[in-house]
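Here's the structure, in structure tokens; my notes come after.
To keep things simple, chains are lettered A, B, C and D as they appear, and every chain counts its residues starting from 1.
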Amino acid sequence: MSPLQFCLLLSSLLFCLGLLGALARSNTILVLLGIELMLNAANLNLIAFWRYGPHPAIGTGVIFVLFTIAVAAAEAAVGLAFVIAVHRHRRSVRLQEASQLKG
Amino acid sequence: MTIALLLIALVILGAAAAAMLSRNLIHSALLLVGAWAGIAAFYLWAGAEFVAFAQALVYVGAVSMVVLFAVLLTRQGATSAPVEFASWRRAVLGLVVAGGVMGVLFGSIMGSPLDVRLPAPPTGISVQQLGLLMMGPYAPALLIVGVLLTVALLGAIVIAAVDKPEDTP
Amino acid sequence: MSPATDHYLERAPLVLRDWIVDLFPATLQWLVHNLITIAVILTVFGLFFAFTTIAERKLLARLQNRLGPNRSGLPWWKNGPKLWGLTQPFADAVKALTKEDVVPAAADKVLHFLAPVLIVAFSLLGFAVLPFGRHLIPVELDAALLYFFAAGAATELAIFMAGWGSRNKYSLLAAMRALAQLISYELPLLLSVVPVVMVVGTLSTKDIAAAQGGWTFGFLPHWHVFTPWGLAAFLIFLVATLAESNRSPFDLPEAESELIAGHLTEYSGFKYALFFMAEYFGLTALSGLGVTLFLGGWQAPCAFLEFIPSWLWFMGKLAGMIVFFIWVRGTLLRLRIDQLTRLSWKFLVPLALLNLGNGAFWALTPDWTGPLALARWGISTAIVVVPFFLLGRRLTAGQAPRSYRYAPS
Amino acid sequence: MTLSAQHLWLIPVLPLAAAGLGALTPRGGRTLAAGATILTMAGSLLLSCLALAGALTDPSAHQVFNFAWFDLGTGPLRLGLLLDPLTAFMCVMVTFVGLLIFIFSTGYMKEDANAKQFFCFLSLFAAAMLGLLVANSLLLLFVCWELVGLASYLLIGFWFHKPSAAAAAKKAFITTRIGDLGFLIGLVWLQDAQGTLLFYDNGAGLLESAALAQLAQLLPCGLAASTAIGLLLFCGAVGKSGQFPLHVWLPDAMEGPTPVSALIHAATMVAAGVFLMARVFPLMTADQALAGLPVHALTVVAFIGAITALMGALIAVAQNDIKRILAFSTVSQLGYMMLAIGVGSWVAAIFHLLTHAFFKALLFLGAGSVIHAAHHEQDIRRLGGLRGKMRTTFVTFAIGMMALAGVPFLFSGFWSKEAILHAAHSWEVSHLPLYAGLTAVVLTAFYMTRLVAEVFFGAPRSEAASHAHENGPAITVPLVLLAVGAVLLGFLGTPAFPWLQARLLGETAVHGHSLLEGSGLMMLSILLVAVGLGAGWALYGRRLRTQAEAPDPLAVRAPGVIAALANRLGLDELYAATVGRLTFGFADFSALLEIFAWDGAIRFLARLGEFTGLVSRENDEGALNEGFDAASRGLRGTGLAYSKAQTGDAHGYLRSLALGFVLLLILVILGGSR
């Protein structure tokens, strides 16, 4: 098994862990954290492909990861702000309870 | 592959799994920070110095703080309520779906011919090069990200701030 | 100058290290090499910390017209020489080690134990990238500055752990306060460093220190602190450092006279000593960074003083900054929390942002000469001075002079 | 250390920065604004001196620094900076006089509420004026020219709450604009003819032989292009420098604060016209070689100058407002300069410009000192007896008066006026300008004597005058400095050692000739000065005015003439009757056109629109709406049906998302394996 494959397996495992958290946990914060984990798994992939790709000299993967980190940070900030706002209005952080938006 | 990589993988996965399963919110948040630190270590191992430190600075330094503050701001009493059926059901469904995804991913990874030869010993990318890339071909993206971050942070403040009495429902 | 040609004192530490390393088989040499570095840093800065504490106590004592610790002599020598109490820190260390270590019953044992360990570890990480001398830099990193701040950011986690781990409302609140302070002062700290990076064009501390070499007329050093933007950045950096290593006048996190000891309330004995140590390590590391970025690192102030080895210069400047901090502590009053945050967000951050533009301007106009050089200095000065006064007036509007509501006026 | 043409832009930029700072400071920040104004002006003075040093290293060279402003159709539009002795001398003069006047204003405007604005405007003016001086492109020069006009407008109307001030500002702006129209046309013509507006562009510039030769061709209309263009540019100069017939705005401009009158309407701005003529002098002379022209450009200039000089002096005799007298004398002195240009000696014109700048600024500041001390009493009949009360002001004012009157040998005005008269004497076209000049000499001496006698001698004839006392150093120190300049400056250009003229002409060697040659003319003018002084003293000095209402002795002798002069030969009324009336008539006509012709048409169109709208609305409601309603009802139904899928359970969404991903991937894998 080549190191690249190992890295990909690692990232996919991490991704599934994040997905599991996002699906199974009822606390909104944890759901957000799971999503963060998935993002990190994606970054892991990017770095792995950059490292083992044909030309590691071209820093595309690295740049991509940097941008992803920035976006992830923004996402975390806004998401948690939403959690706080929701909690202030209806004293609960359970995701399934925030469900007025339905047809 | 080296022992270091194996150790890093173990740290990341262990921390992440524990975080996702722990009943104590604070613990899972801190464990996640551990996982992020592990990911930073992975970047170091892969030779992406700058990204590793950026990851540490952003996640271990900043995001973790936001998370912890959020947790403390939205805490309600002791988190040891009995788990009711609904959440069991959700957990099982989640396991099934996540397992499915994992299976598919594993299948595709194992099935695809990825046995590329290792390139010459990890040639990390210097900060100089990164800076040139950032300011050269990727400058527009950098600008856009900057605007995005500004807008996101302002929005976060506006959303999270205590709103005036007149517009509370 | 290359290692081969320059002064033997300059080379002495390297020579010693290489000699020791050569005693070991080739396979272990990298390990020994690193171990030696770590050991040296630990011993040197451990002793530095020990003597900083005694120096602080004595200096404060003199500032407050007392004598300070002067009794502790040598343990095995009854009524022998007192050595001006110089052995005090070791006595303190022994005391701290032999004290009982109290852990609250309801505490989160793991975190409560982890906090002091982590904080010391993180605060030590910073030393790895400081260039202590012309050839003395433990780890040469391309992104050294980023590494330094990443390591520094991690200490906040430890503080939170301490607050949360010792299941105590007040500890938790205090930890939150401390975090708020640390976070709001990390901004000006980082922003004040960026101009240097812009002008020198690198993140590596080694190159930044090297870039400040040379003298005008042989006695005016080219240190960054002697440029308008550099001076402004250095002042912002100083204030932010005071707050980051919560020294007075920003020592709200553990304000002995107001909170009990903030997030350290539930700590005693050696763990408390560890926190104490971590704070001093953080202060020393930040001061070292300040020396490297603004005070010319290991460079000598005058050309004819170069015969003194560079690492002595570095340590001298470091000691100078520490003394300055002690002096500040002895002089200034503690701020209120609202004044603290206002200072950071309404004053330091905008100023630092403006100074960023100033650095950019400086970096863009290195080729202004003749009458233009004067214009360059003038403009650069104006960019920092004018907003300073405007902001200052706006900030103190209605607040100054400080009013003590509960004090008899 | 000298300043090269490349860094010349620093000179105007410094005051501009001060103006910007002043604009940003709050109303209260007068100290800041004044400080910035004065400091930057001092800096500009320093730089100007460096520039002068740089220019004198090689007086004959025109150091230029040209750059492309932006691309315009075929080629780039190029601007430039020019450094030669003319520019350098003017810069030093403007910055020096300006600095003194700024310092003076700190004392003079002490009580004014929005002095900060005043200093801001002053800086703006200084920046524009300096820009005008260093410009190497007619376009840049024109831009700064207009900016100067704007600053002048703002400053004349600075006390805009006085209706007279507002009116004067408007008048100045519009009158000069009439001249600038000619300037603009000439500029466009030049651009069209030559494709460039740069003065010197090592060989390709306007003022260099190639272009001049091309411009000097005889046009079908029997007139050389250079003549026409030169006259058009001269229109601008006429407007700016208050030459006949566009001089009417200058006396009214005295409504502005006195430092403004001193700086803008005596020393610098009004001199801009003369400077322009001197700058484009090669262009003006291009047609000299051409025979068979009805008129040479310079001839017109000379006669306009002569008329202006004579008329200004005449009117000044009959004025009673201290500042108006000085204003009309300014008009006549500017006439002198134009006269000098016209008779072909632009050097003499510039020499007189420099000296005049000093002593006229001195006179105005002296008047300002008097006015300030006498609580804004400007009528010389109600002043008087200030000699003892205001020693410094009196002495400096007397020096300025003698310099203006041209008292021999000691004072600068004498030498520069001599230079002009000599030039006029040696002009072969006609001697009328010379005679006009000589007459003006007598009149100048006469009315200045009258002014001094009325203001400083005798007994105070009003409350204000009797309570007047000397002003503070901020006001007196500039007076003294200017007085020194007014005396010494003359010795730069005496016939025995014409250093200034030589440098201006680009010669390094100075070959003077003895004072005695052409001394006949000098004797004559000295005699005339003596006559003027004597007459003035005889009429006003011997029997001093005792009370304000006493009639003017001259008015007693020749009432008709004096009345005519007193209302300025009725020129203002004439313009009001002709130009003003015409304008109003045209305005009324167009108003009628508006009301009856256009308005009706538009109303009709509106009616039409209303009607069509009515029609379409009818069939809209009838036919279309039904169909739309039906369609939207159907849409709403389907939407309701679909919206059942939205359960609001985020977990559910995420789950289905993941499942979809799984299915997709499986499809891909199967597809890949097949």
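The working rule: a residue touches a chain if its C-beta (ideal position, glycine included) is under 8 Å from a C-beta of that chain, and two chains touch if they have at least 3 such contacts.
Everything quoted here is computed from the prediction, not taken from an experiment.
Note on connectivity: the fewest steps through touching chains from subunit C to subunit D is 1. When C-beta pairs in contact are tallied for each pair of chains, A-B comes out on top. Subunit D has its Cα centroid 68 Å from the Cα centroid of subunit B.
Chain centres here are Cα means. That of subunit A falls 5 Å from that of subunit B. Taking each chain's centre as the average of its CA atoms, subunit A and subunit C sit 35 Å apart. Of all residues in subunit D, those touching 2 or more other chains are 651, 655, 658, listed in ascending order.
Each of residues 19, 22-23, 96 in subunit A touches at least two other chains. Listed for subunit C are no residues, as none touches two or more other chains. Taken as a contact graph, with one node per protein chain and an edge wherever two chains touch, the assembly fits none of the named shapes, being neither a line, a ring, a star nor a complete graph. Per the contact rule defined earlier, chains pair up in contact as A-B, A-D, B-C, B-D, C-D. On subunit D, the positions that touch subunit A within their shared complex are 640, 642-651, 654-655, 658. Those residues of subunit D whose C-beta lies close enough to touch subunit B in the complex are 651, 655, 658-659, 661-662, 665-666, 668-669. Of all residues in subunit B, those touching subunit D in their complex are 90, 93-94, 97-98, 100-101, 104-105, 107-108, 111.
Residues 26, 30, 33, 49-50, 53-54, 56-57, 60-62, 64-65, 68-69, 72, 124, 126-128 of subunit B are the ones touching subunit C in the complex. Of all residues in subunit A, only 19, 22-23, 31, 95-96, 98-103 touch subunit D in the complex they form.
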